[in-house]
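First up is the structure itself, then whatever we jot down about it.
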Amino acid sequence: MTSYILNRLLQGLIAMWVIVTIVFFLARLGGDAAALLAPADATPEQVEAIRVSYGLDQPVYLQYLDYLRGIVTLDLGQSVSYRQPVTDLVVPAMLNTAQLALTGFVIALVVGIALGAVAGMRAGSRYDQAVRALSVLGQSVPPFWLGMLLVLLFSITLGWLPAFGSEGFTSLILPACALAAFPLASIARLTRSSVLEIVGRDQTLFERAKGVSPAVLVAHILRNASLPVVTLAGIQLGAMFSGTIVVENLFAWPGVGQLAIQAIQARDYALIQGIVVINTLVFVALLFLVDLSYGWLDPRVRTNSSAEPQKAGVSA
Amino acid sequence: MLQITNLTTHYFFGGQVTPAARGVTLNLPKGSAMAIVGESGSGKSTVAMSVMRMIRPPIGDIAEGEIRIGGTDVTRATPRQMRELLRTQIGFVPQDPTTALDPLYTIRSQIVEAMPHVERARRDEVIVELLTSLGIVDAAARLKQHPHQFSGGMRQRVAIAIALAKEPQLLIADEPTTALDVTTQIGILRLLDRLRRERHLTTMFITHNIRVARLVCQDVAVMYGGVVVESGPLTVVADNPSHPYTRALLDASSLDVGPRQRLRAISGSPPSLTAMPPGCPFAPRCPSATDLCHQRMPATTRRPDGASYACWNPVTS
Amino acid sequence: MTTDLASTTPPAGTPPARPRRRSGRWPWFSGTVMVLFAFCGAFGALVSPHDPNKVDLSQSLKPPVFAGGSTSYLLGTDQLGRDVLSRLLAGAQVSFLVAAGAVLIAGAFGLLIALLAGYLGGRLDTVLTRVADASMAFPVVLLAIVIVAIYGKGVTVVILVLVVAGWPQYARVLRSEVIRIRHQDFVTMARIMGGSRFWAITRHVVPNLIPTLLVLATLQVGLAIIAEGSLSFLGIGVPPPAASWGNMLADGRTFLATAWWLPVVPGVALSITVLAANLLGDWLRHALDPATRR
């Protein structure tokens, strides 16, 4: 197990390094970084001053090393528009985003697995048909549009929940639900087909022949069916980050998404870079956790660290 | 111990009712071992699955008949009673242990599930003893291992341990050696035979190979097209078959075929479950079939030596 | 739940009792919607009743005809008096362009990578697979933010974002298909008979990838439309005043309480189109996959 963890940790770090490097060179490919950093009406002298103050007159490899050192020490430079260290801006926003994203993720995971599992065990029933219809529908409605519909219904028409803001638990409900719908539908769909497959396997027949209680049987089926679902959940986490940015914008939730949009409008390049770097860090960490839970679930992966985890197919 | 009377089991495919076993009557006294022999699609597995009540709607159902295990009629048992019966009375040895064992659980936890009656503190001790008696070396160290860390033959021994952990009265083995290497097959068969004698197990042994059956069983029932065509003491039936199908089956698995000799295969293929002829199911392939065979199902005839057969024109030796 | 579990699989050799799929039937709903979408995307401007960008403040916020509006503005007007139907058609054009562009380019690129990785294998395969995995996991909107920050906004940039985000899907699925196909006997035979590697790929491998590619592409159409909507909604997609479904939703969000049709109409159009693409993709998957076809 230890070698498995180390292996995955190393892979996570490499992935992190690759993404961070791509971001760095993409920015350099995009033309004169100093011109990007400067306000639109800056004089050539001002641009030159910015170039020197950001070290952009240095050779590229020195800039790159400087950039990597900044990431390791979490010193991501100064935001031009806020006149504050980038880290001080991004970290609190990240915590808000994480609150929203994780709430949505937990809803998607719990409800999606529950719906999909029961549908898979009752394949062909009315209930199953309803879940399948719902999951196709859920994969067709983008989060920002669903969010608007929820606001229209629960805030404007019924007046039950606040339409925006970040005050307390009630203001979390609508954005979290809007965010959860898409991954929920994907997870429900994959869980259903996965459970259906496991129920039909010899191992389920053999388990039932032991005369075990329904609870034990369901535990066996769910654990086996969860393997592709865990992989999908990892991929969905990435999609959740995209969804969060949009949903935050809609519900005026003070997270990274809001910050990113403001950064783009203000052409605050250091801030954008900082957001991407911290997002990547969080994201790689979450994927590492997914890998760990995979290893915890499937002993075959643990004892043979070269074995690839089962990948979710297109059906996701 | 196990009495099956006039069992008819249906599958439901695409809205159609398909009989997979028809009027099967078998009697396994306590401690006896009966082989159920037939090709795939003959209904032999359907009988075994019916005994364990594994065929339920929407997949299929027992339409008629009685299955008595001890005092209980399986066909009338509630799901709870059935689980109780499976937990205490019936041990099941699967065809392919690789797909039957759950890859995610340790073998210890998989065996423990099948022995709820043993108190917690003694479980490991009992399991080690059981595994050792089944020929697993260093069992104590292997309890925490997972199925993929065992070889095919060892996996089948683990599966047998699960079947025996509940100390059952009845053992149902569904082609327990077909998925194994030839060299490990004999070991498993000898093991099953030894266990049956030591533990007075009533054994139902499903196989397609009548010669394999000889190593474990005294009785045989030959099935074809969902019907028992011939049954009785194995040696009697094997040496002196009455039904042309049994004859053909013995010829096909005959060992005294030399090089350059034609293998005696049965021409044609088994009837489809969905299009069963009204008469004897073997009639379309039978060398001695008459018009009567095609039209009417033959009744069962008892022979003086204890065997019985269902055929209009039995083989005379 | 408990009694249902007590059912079993039939023994080997018998078909599993699955609910019968109506896969043989042509999917009328999704087929019609997709044809309509393609038509509006190509010729929407010709049937457009008004100029989608014509501002007429005297006609602002007229409700659609089914909510008591007049027939001259079938789906009502927005806060600037622009005709919603005309803008919807213009938006269809943008969505169609983005979806078609993204799917074609990402599909072609993904196919190329899949052939390289799957056919040549070895270290190249490992590297390409890792890169695809990493890019697939990377959030699309975050990627868009980086790219827009560098290159600015525009339809081409949206397509670029979707290509960068979309190719790994094709590459991963097609790669495993390539590996499966190249080990099949007919490809081996073609090689033994003296066919070149290039010939084997173009003649035998690629045609067998077409069904999978088609299914993937159809499913990606839906994702591309959602992504365009999201980016435009955030103001980093198609730059206004050009009509796109995402822009219409972004403009309409402030009128949720007062002029509900402004956010609802483009949202319904978008969701129905995506739903149709998803259903069509599912249908194609079952219709083209010999394993699930009966």
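Before moving on, here are some points about what is shown:
Residue numbering begins at 1 within each chain, and the chains themselves are lettered A, B and C in the order written.
In this section, a contact is a pair of C-beta atoms (placed from the backbone, for glycine too) under 8 Å apart; a residue touches a chain by one contact, two chains touch by 3 or more.
Just so it is clear, the model here is predicted, and its values are computed rather than measured.
Distances between chain centres, each the mean of the C-alpha atoms, put B farthest from subunit C. Across all inter-chain contacts, the pair with the most C-beta pairs is A-C.
Distance from the subunit A centre to the subunit B centre is 51 Å, each centre being the mean of its Cα atoms. Note on chain placement: the centre of subunit A and the centre of subunit C lie 21 Å apart, centres being C-alpha means. Shared contact sites, meaning residues of subunit C that touch two or more other chains, fall at 2, 6, 8-9.
In subunit A, the positions touching at least two other chains are 124, 201, 205, 208.
Contact of a single residue of subunit B with at least two other chains is seen at positions 54, 58, 82.
Against subunit A, the residues of subunit C that register as touching in their complex are 1-2, 4-6, 8-9, 16, 18-19, 130-131, 134, 136-142, 145-151, 169, 172-173, 215-216, 219, 222, 226, 229-230, 233-236, 249, 253, 256-257, 260, 263-264, 267, 270-272, 274-275, 278-279, 282, 285. Of all residues in subunit B, those touching subunit A in their complex are 52, 54, 58, 82-88, 90, 92, 94-96, 99-106, 113-114, 146, 148-149, 159, 162, 166. Residues of subunit A that touch subunit B in their complex: 124, 201-203, 205-213, 216, 220, 223-224, 297-300, 303. Of all residues in subunit A, only 15, 18-19, 23, 26-27, 29-31, 36, 118, 121-124, 128, 136-137, 139-145, 148-149, 151-152, 156, 163, 199-201, 205, 208, 214, 217-218, 221, 234-235, 238-239, 241-242, 245-246, 249-250, 257, 260-261, 263-265, 267, 269, 272, 275-276, 279-280, 283, 287, 311, 313-314 touch subunit C in the complex they form.
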